[in-house]
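So, here's a batch of structures to check.
One chain, subunit A, appears in both complexes that follow, with subunit B as partner in the first and subunit C in the second.
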Partner chain A sequence: MSVLAPDRARGLSAWMRGKTLAPYLFVLPNMVIFGVFTIWPAFNGFNLSFYDSSNGRTYRPVGTGNYSNILSDSQFWGVVQHTVLFTLGFVLLSTVLATALALMLNAQRRGRGALSAAYFLPVLISPVVVGIIWKAALDRTTGLVNEVLSAIGLGSPGWLVDSSLSLISIILVGTWIHLGFYAMILISGLQSIDTSLYEAARMDGASVWQSVRLITLPLLRPTLMVVIILATIAGFQAFDFVYTLTGGGPVGATTLIIQYIYENAFSYPIQYGLASAAAVILFVVVFAVTFVNYAIGRRSESI
Partner chain B sequence: MKLRTKTALVCAAVLAASLTACAPGSSQSDAGPSAPASVDFNSFKGQTLTYVYFTDGPDEQATKDAIAKFEAVTGAKVNLQIVPFANLATSLQARLSAGNAPEVARVADWHPYADKEVDFKQYFGSNYPSEFTPGAAGTAMDSAGRMLAVPSDVTINGPMINVDAFKKAGVPVPAKWTWDELVASAKKVAAANNMPYAVAIDKSGNRLSTVLSQFGTVLVGPDGKNALDKDKAAKALTFFTDLVKSNVSPKDFWLGSGSKYTGANEIFLAGQVPVYLSGPWQVGAFAKSATFNWAAVPNPCQERCGGFPGGKFMIAFKDSKNPTLAAAFVQWMNRTENQREVDRSAYWLPTRKDLTDSGIEYANRQSDMSAFLSQIKATPSDTWTDANSPAFTASATSMINETDKVVAGKEDVQTAVENISAAIDKAIKAAGS
Partner chain C sequence: MSTQAPAPAARRSASAGLQQPAWTSTGGRAPSTGAVVRATLLIAGALLVVTPVVWAAVSSFKTQEELAQTPPTLWPNHPTADNYTSGLQAFDFVHFLTNSVIVTVFATVLTLAVNSMAAYALSKYNFRGRTVLFLITLSTIMIPLQVILLPVYQVISSFGMVNSLWGLIIPPAATPTGVFLLRQYMLTLPDEMIEAARIDGAGEFKIFLRIILPLSRPALAVVAIFSVIWRWNDFLWPLIVAQDESVQTLPVAIARFASQQAIPFNQILAVSVVTIIPIIVIFLFLQRHIIAGLAQGSIK
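Showing the complex of A and B:
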């Protein structure tokens, strides 16, 4: 049996009384769930990426074979190209539109709550349902969108079956889903800006556009960074609504990286190891892009 | 770098390294319990089995009724667990991996679980497969002659027509027709009824294999090797992709569904197409939903006649808690009287030889089911071994992807055929490894 020195015993006692332990106890339940259902599977997936398995029961070690197979797979590079284009388009469009929407809603005096709720509604709808709804709306022959376009003489574009239009379609639908959520984040950022700055600018004769450009956007930058990071992650992880909207078609034109992982893992021929390797690659890329975004944001702030 | 960050990174690296050193997967033995020479159906009272099932619709109640009878006869309890077809394979593999195998499962492909399946010949004798038609029995046997599944129902692809539309156009349906005759008739009917399309085919490797077989070739041969005749495959693909590219068969339907299986049943039910190539599993749903008269008709012949087979199987797991009860349940469900009852209500085609010979009296749509049944005899034998090959699914998926490229104008037919042939070789190699 060991005897603690008096000072150390007092320190431990204070720790045990909750001054230091309490915060950890508060986060413990969440961390346990996060550890079991996120951290552990993530590390397990990393481990699986060094094996080959077609059934999830028997595994054959293949070293880095899955990684070299992926990197030499032309389909993978096609998928990477689509994913990057989708993510760039989605981040750009959703950030610009969410900022514009946030500025408009913030300036709104009446009905702001109702309008915010209306724009936020798509976030609450299951992405699978969103895909099905837009699939019906964008159908070339029977869809609502083409009914309107053809009524005003703009023809009937193949939104979901024309390779050049299908990527644009999923960018638009992805933006529609997330627009309200990002706008809500930006509105909270706008409301944290001191209104006296605008009053001072007005007294100095600044126009509305000058106020937005010289006061709002610089002070909104930290919130915009959050939105850009969230949109980047959502862009790289887009799958559910795309799968029900286009199924990755036509001819793979909208197959993004998550669908590539999903199909390698759960469609014949099943390749759990290859799918895990692709997931590891996705993690590394998303982590790197997010880190660069964050670093650029911090650097801009310090300037 | 701060000390805390360094510590976190070191911990993560240690965890990753220790995990990497651990081989995943279970270390269960493949040796199941030794099979008894006979099964005593009176010994199951109070015992329970789990049956993992997916449903196509009308079969659910028919299966529940049959289970109720089994429970009454044996005193055993059957825990029916219905899962979506899309989740079936991952659900079963996860359960096997976790050492929690169900006793019985209904599957479309038994090969992925072959190492865990009961050999029914060990329980019911080496003549047990002969109770089934040779084609159906052949789909349930492995290369070592073990019967690792029981074919519970068989499907055969074939066309269905909108009878009202054909009547209105005054176009007769002959007892035998070629693809060219079928398309010419369908075009006339579509024009007379203002339908946008003439022929619709499910976006499915199994259905496209029907066209391939009718043009004289299959993907995998009876010897398990690549059997694709490239000239015949090129003719079949040219014929089919021309139909789709010219919108005689709906092009948007084909391109708009991506890599997913998609049925064209909604297009047929909406009255947009007079001829629809699918299979007998549609009969029950069409009997309920179709607002027009329709009928199943013979397949078109090109070089060969007949359709393309498919089917569902019941499998029993030897690592389950009660493999003997599992084997007994599968055998009981597929006895003549029980299979007949389920087939009647579920619009299934029988797999048993005696029922195929005698036929089934369905509650209604008898002539349509008979039309499908008659196609079994006309279907070439190499299609059964093709459909049963462990390399079939991957090969057929490649055929769909390559057909997509031809339809979209991104590839010519010759390149597509070469790519399909290469994919078959790869699939055969993967299935054998």
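Showing the complex of A and C:
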């Protein structure tokens, strides 16, 4: 193709008038960023998991040593357990609540804008600030939640200091953050359902519950799959609000996988090997879970 | 407005759960039990969602003694703005706000530019390698930054971009979802327009700039909204790139501020409240577009 014309003002467009070259130039910037900051690091990350380093500068090859180390690391298994429990609880709770909320909000006419805005509020707040707000609200002695609970005689549980409760706390806060967003996605799914189906069902004497169960939920399935996949990924990647809410404590009870990777890679004592092995494992797990979700979604769609 | 004869209860409650408006402010029909229950649940839920934020905002006006008081007070006895003045003295809000704005604006513009160009090529040109490039783009959806944190950090550190705003802005800028969304939208634009412009002698880049971009505004808006909310609130990547205070964005700076033992919690609350305000103001202006756009964007 022609080379860059010396006349700069018209140069670019003259150069790109060649239709064969144009598409490559259009994709180039995006692909360069992809290549340098995603694709190359992805392969390199896999490679890196066979090396260890304690300072991030000098590396020594350890073969599969990182994997055997991490698989025998009891802290890692604790982290896996918390992450899986958190993700399960979060996906289940947020999907069920978001579906209920979407059904109700979609039927609501009066005050709908204000209600949507209220439910959407947490999406806008930086998760770091969310953590701070809930740390205040869930404080055992001075928090809003226990103030209400003790007023109605339910005592004052240690939401953030009791290790069995703290995981429940981060599930609740995680749900609080994402509920509005997931409900909005489900509402746009609901609105794509043909209303004449409901007319027909009503004519046939179907109850509300029957039309929800037999029309809405089956037709909402693709959208529900989207929400479940998004929630699963969000669950495995949860880090920011937990960081300011519990800091991963008490005694590691809410340390999730991203925090484990972050701490091993960036805070002392640095254990790059463990961090990169954990990252590869996380990648494989998220990929597999998303794929299975997607496959199930596809199959049930074809039924 | 005459009151209509109430329809059979079953029929009314049936329509309540469905798409039909159960009752409207102009209709004379009395609301059904189902509608009342639904409205009550919705309002109670909304209060539950909003209350902690409002409570934190109110608490940020309490004195330190009152904040530590047991049982806690609901409303500040002696409301004071001291937390704000002293908090904003210890926390250089304007500086971190500037960093956040720079990162959010530049990152969003960069994302829109590179994503829309790529989407245009992938939707409107037939060229060798198109399918492969599109598949590569799609597959990177499965590689979130969180799982390649270390190797990406190594890349930016070899470029000397640690502790620079570019290190925050560039690496996550080429979003696969943005390319995908824009491509799907551009596929719906008629090819004839592009052909006609070519016959009129317009260059390829000019066609993109003058015809494609203006027509893609709805899709660009969705990508922009996603990008702004994500970049404004992003934490993990800035946390590892911006180790130096001079380049820290608001979330990183607040997290650091909150982790200092010496800072009283009432100041942390005050600073947190200040950071919420800008994004809520923007949201109130653009609420309809944001909610609809985000929901649409995630489905596609």
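Following the convention adopted for this analysis, the second predicted complex is superposed on the first by the 268 of 303 C-alpha atoms of A that agree within 3 Å, B and C clash if a C-alpha of one lies under 4 Å from a C-alpha of the other, contacts with A are read in each partner's own complex, and residues count from 1 in each chain.
Following the convention adopted for this analysis, contacts are C-beta pairs under 8 Å (C-beta built on N, C-alpha and C of every residue); 3 or more make two chains touch, one makes a residue touch a chain.
All figures in this text were calculated on a predicted structure; none of them were measured in a lab.
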Check: Touching A:A136, do we find subunit B (first), subunit C (second), both, or neither?
Finding: second
Notebook entry, point to check: In the superposed arrangement, which partner chain does A:L48 touch: subunit B (first), subunit C (second), both, or neither?
Noted result: both
Check: For A:R110, is the partner it touches subunit B (first), subunit C (second), both, or none of the two (neither)?
Finding: second
Checklist line | Which superposed partner A:G158 touches (first subunit B, second subunit C, both, neither) | finding: first
Check: Between subunit B (first) and subunit C (second), which does A:F266 come into contact with in this model arrangement: first, second, both, or neither?
Finding: both
Notebook entry, point to check: Is A:D240 in contact with subunit B, with subunit C, with both, or with neither (first, second, both, neither)?
Noted result: second
Checklist line | Partner with the higher number of touched subunit A residues, subunit C or subunit B | finding: C
Check: A:G63 contacts which: subunit B (first), subunit C (second), both, neither?
Finding: neither
Check: Touching A:S211 in the superposition: subunit B (first), subunit C (second), both, neither?
Finding: second
Checklist line | Overlap of the subunit B and subunit C footprints on subunit A, listed as residue numbers | finding: 44, 48, 56, 141, 243, 247, 266
Next item on the list: Give every residue of subunit A touching subunit B within the complex, in rising order.
Entry: 43-44, 46-48, 50-51, 53-59, 61, 135, 139-141, 158, 160-161, 163, 243, 246-252, 254-255, 259, 263, 266-270
Checklist line | Interface residues, subunit B side, partner subunit A - complex | finding: 15-16, 19-20, 22-26, 28, 89-90, 93-94, 96-97, 112-113, 115, 196, 251-252, 255-260, 262, 393-394, 397, 401, 404-405, 408, 410, 427, 430
Item checked: Partner subunit C, residues of subunit A touching it in the complex -> 12-14, 16-20, 22-24, 26-27, 29-31, 33-34, 36-42, 44-45, 48, 56, 101, 103-111, 113-129, 132-134, 136-137, 141-144, 147, 150, 176, 179-181, 184-185, 187-191, 193, 195, 198, 202, 206-209, 211-212, 223, 226, 230, 233, 237, 239-240, 243-244, 247, 258, 261-262, 265-266, 272, 275-276, 279-280, 282-283, 286-287, 290
Next item on the list: Would you pull the subunit C residues touching subunit A in the complex into a rising list?
Entry: 10-11, 13-25, 34, 38-39, 41-43, 45-47, 49-53, 55-56, 59, 67-72, 74, 113-115, 117-118, 120-122, 125, 127, 130, 133, 136-137, 140, 142-144, 146-156, 170-174, 176, 179, 203-206, 208, 229, 232-233, 235-236, 239-240, 250-252, 254-255, 258-259, 265, 268-269, 272, 275-276, 279-280, 283-284, 287-288, 290-292, 294-296, 298-299
